Structures are given as structure tokens and as C-alpha cells.
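Just so it is clear, A, B, C and D label the chains in written order, and each chain counts residues from 1 on its own.
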Amino acid sequence: MRDDAVDVDVRVRYVDTDQMGVVHHGNYITWFEVGRTEFCRSRRFTYRDLESMGYRLMITGLRCLYRKAVRYDEVVTVRTRVKDLRRRMVTFGYEILCKETGTLIAHGETRHICLDMSNKPRTIPESFRNCLDRGIDGTA
Amino acid sequence: MRDDAVDVDVRVRYVDTDQMGVVHHGNYITWFEVGRTEFCRSRRFTYRDLESMGYRLMITGLRCLYRKAVRYDEVVTVRTRVKDLRRRMVTFGYEILCKETGTLIAHGETRHICLDMSNKPRTIPESFRNCLDRGIDGTA
Amino acid sequence: MRDDAVDVDVRVRYVDTDQMGVVHHGNYITWFEVGRTEFCRSRRFTYRDLESMGYRLMITGLRCLYRKAVRYDEVVTVRTRVKDLRRRMVTFGYEILCKETGTLIAHGETRHICLDMSNKPRTIPESFRNCLDRGIDGTA
Amino acid sequence: MRDDAVDVDVRVRYVDTDQMGVVHHGNYITWFEVGRTEFCRSRRFTYRDLESMGYRLMITGLRCLYRKAVRYDEVVTVRTRVKDLRRRMVTFGYEILCKETGTLIAHGETRHICLDMSNKPRTIPESFRNCLDRGIDGTA
């Protein structure tokens, strides 16, 4: 694991599969979200904290490139890092890897804007920025 | 359609299937919810109205019996009725039917308690009760 | 509706919402899939046909840009067209619109490669290509 | 943990919540499935094995009673046991507990019939029966 990325393992559930016999592509988006959550938690900041401070991250863009299929009961590693950080926006990058072999299954990114509870764009609060910043250079 | 029930058609989505090649059993629960929503709408009451009045229905019980499998792109009819109505509780009954053949695919019920926004059990408000009542005897 | 696009309406389900009070961004991916299915059906070709002929479309890329939030019980129109068609690949484009106001809620695209049942890339079969082609120039 | 039950922890994902601010009731059904999978794995039998032997378990009934709400980012423990075992049928029982406090959040059961790949009811194969049996009395 590169020191600016955070890994979390997810086991494929039966409900994640479709009749092609592999994981339905929509589930990768859920895994990205799991990755984001764990990225923040590993930096001692939970997304729940952000919401309780009166902020939220609204997604503005999503991209995913699919390389390999994954099957029921396999374990994937979701590797998350901060790719770009602006005053009001943050872009997370993700890799989905086969835990056993390390093969790249998919990769992608999501972009988010920081809003307050009345949906106005706001500067990312400092405590959350600190959490994200450490993601970029691997230091506090 | 019996006059105390409300029918709504749902087409099976690819994402609803699993690697068995049929609809995953969890989706029937979503269809029940679609049925409840349409039951209320057909009586000119939307669940959104209930929430905007400061109430909500919290599910307390769920039962589903599965008879036949359903496949991608098939259309099912969700038939919903009120099975029991108490001061603070309502039980909806559901049948999932193959639209083309009328075959029973599954049936079940959900029980709900009426809460206010501070999670206290409350008498079902009259406007919503009227909507549900018509469901039982088929008259206004 | 432009003549090379196909529209289908989808009502937001309660399960589609998240605690932000709006539709969770992952559901847009499901709506894209509903749009693809209806695009083909409107050209008298169902994706089920393709699978029964021994082919399938594997997704290779996905992009979605989010503009506006959508709420429970609202109806969105999914507008689907073919953006690019190669020998073995097809790219669909999508717009998610508020049915009532026509406001653009989101737009995106998915790219797919045609595989046979042993996962080998294959030329898109002619009957399916005809269905897709009409999508591009609006004529049969 | 009672010795005939198997526990597995699941962290609530953001996508699991709905606009009530709590986990949508349909997700409990997914958690039951996660519990079943881990029950078998802990007895060194994976559901994947069963499918590769030419069998599958088709759900015939589902029941869930909801006691408490769960929120985003909380961890629940899914406790699974075998409640009833017949020649061709098995009933699993589940408790969903708050990991931190041990509070019961929900409980329920699912009943399944063993089918072969042509959908004929079949005697549960011995290797799978052994896995399930140990579930009932806690011994091999």
C-alpha cells in the first residue's frame, strides 16, 4: 500500500452478482463509497462528523473503467486516495484489486463539492481538509 | 383487480437478477414498497404528504413467501391491499403476479407503526386513515 | 425527444434515497441500464435476445456528471442514444431529466464490448447492429 | 456467541440509508444473506461449493421483525444459526445486533429448498448437510 492510499477489503455478496454470473457494474460505485468512508476513518475523521458539523459532500462527477470481472465470494481490496483538493472540491481516486492476486479489476474517481445544509457551496472545513491533505502527501 | 386492491406493473431490471439467473429475493421487498406507494397515490394520498405532515411509517414486520422465479425483462404486477388497520398500525398485503400469465410469484405482508418525527408512536392522522380505510372495504 | 433518442420514465423509489434526503448517486447507474434496455426494445431488439444468441455486452467504462438532486416520488425521464458504434464496441449516452420541468439532472455514458459466452471479443451481430445503427441516424 | 451460531460484523454503508436517516429495511435481507454465507464458510463449506456441485438453495420464505433503527457507519453483528433441517429444506435463523451495545435490532428467518440445476427438489447433499448439522447441536 502506498502511504497516501487507504485499503479496505470487501467480500462480494450474492446479491452483488447478476445473471452474467459476475458482479454487476453498479456495485463498484458502492465500493468506491466504502473506500471513501474508510479513507476518512483511517485519518480519524468520519463522514458522519462532517454531516454533524453541518456540511455534506455532494457528488458532481463519477468515472469508472472496468478491466476484469469479479465473482461471488471473492474478496476485493478498495484502494482510495485523494487525487485533487481545491477550496470547495475534492476528487478521490480508487483502484479495485483482487485481494488474492493483486490484479487490477477496475479504477475510477469521484468528484465532490462541499455544501452546507442549505445547499450552498462552502469552503471545506479545516478539520476535514487536514484529513484529506494528509492523504495527498502522506504526512500530517 | 379486486376493488380494494391496487395494481402496479414493474419491469424486472438487469440489476435485479443474480447469478442464479433469476430475480434476487431481496427485490421483492422493494416491489412491496412500490406497491405501497402506488396504493396510497391511487387514493390521492402520497407517502410524501405523510412525511411533510410530520409523520412516518416505521416497518415492524415483514413476511414473504416465494412461489415462482421471475426473470430479466419480465413484467410483474404488484397487487397491494390493506389487511389490517389499527389506531397506530397498518398491515399491507401484497401479491406479486406474472403480468402475462397471472401466475402467483410471491405474496407477503408488511406491518408498520405510525411515528412522529421524535419517534413516538402516534395515532395515524385522519387524512391518511381515510386513504387506508377505503382500501379495506372498497368504498370512500 | 430527438428522433435518435429513446425516452423512458422512472419514478423514484423510497429505497433509492439516502440520508441526505435525495436519490443516492448509485441509482443513476441503474437508470442508465433501464434506458439501454428500453432503447433496444423500442427498436424491437431486446437485450435478452442478444444473450440467447450467445452474446453479451460487458461494460468497460462509465461516466456520470451530476447536476441536480432528485427526490422521492419524482419522475425522471431517461433519454438514451447511441454515441459511438464500432465493430465490437458501442457507447451509449444518457440524459436524466426531471419529467415535469425538463431540467437536466445528470448525464453520462457507458461503453460496452461485445463478448461471446467464452468471454472472447466478437463482432456485434448484425441484427443487434441494425438496432443500434438506427439509433445513430434516426432512420431504419 | 452461542456455539451453534456464527457471527459476522457488517458496517452500515451510506447507500444503505434512506431519507428517514436510518438503514432501509430491505438491507436487513442482504445482511441475512451475508450471515448465511459466513455460517457455511465457518463450517468449511462455501455456498459456491454447493453451486459447483450442481445444487442450489432456492428461498421459499422470509420473515423479519424490526425492533430498532440502525444508522450510517454503525457496525452490526449478524448472528446466524440453523433452526430446522429437513431432507430437502433448511431454515436459517438470524439476529441483527448492535455490535457496540448488543441491543437486538432485528431478527428473522429464511427457509430454503434444495434444487438441482433443472429446478427439481433434491435431497441436500451429505457434505452440505454435515455443515448444517453441526450448526444445530454445535458438534461435528
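The rule is simple: contacts are C-beta pairs under 8 Å (C-beta built on N, C-alpha and C of every residue); 3 or more make two chains touch, one makes a residue touch a chain.
Worth saying up front: this structure is predicted, and the values here are computed from it rather than measured.
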Co-neighbours of chain B and chain A - touch as defined: C, D
Of B-D and B-C, whichever chain pair has more C-beta contact pairs: B-D
Identity of the chain that, by mean CA position, is farthest from chain D: C
Distance from the mean Cα position of chain D to that of chain C, given in whole angstrom: 34
Rounded Å distance between chain B and chain D, as computed from the means of their C-alpha atoms: 24
Centre-to-centre distance between chain C and chain B (centres being mean Cα positions), rounded to whole Å: 28
Junction residues of chain B, two or more chains touched: 14-15, 20, 26, 30, 33, 72
In the complex with chain B, residue positions of chain D that touch it: 20, 25-26, 29-30, 33, 56, 58-66, 69, 108
Residue numbers on chain B that touch chain A, as the complex places them: 14-15, 17-22, 24, 26, 72
Footprint of chain D on chain A - complex, ascending: 13-15, 30, 33-34, 37, 46-48, 72-73
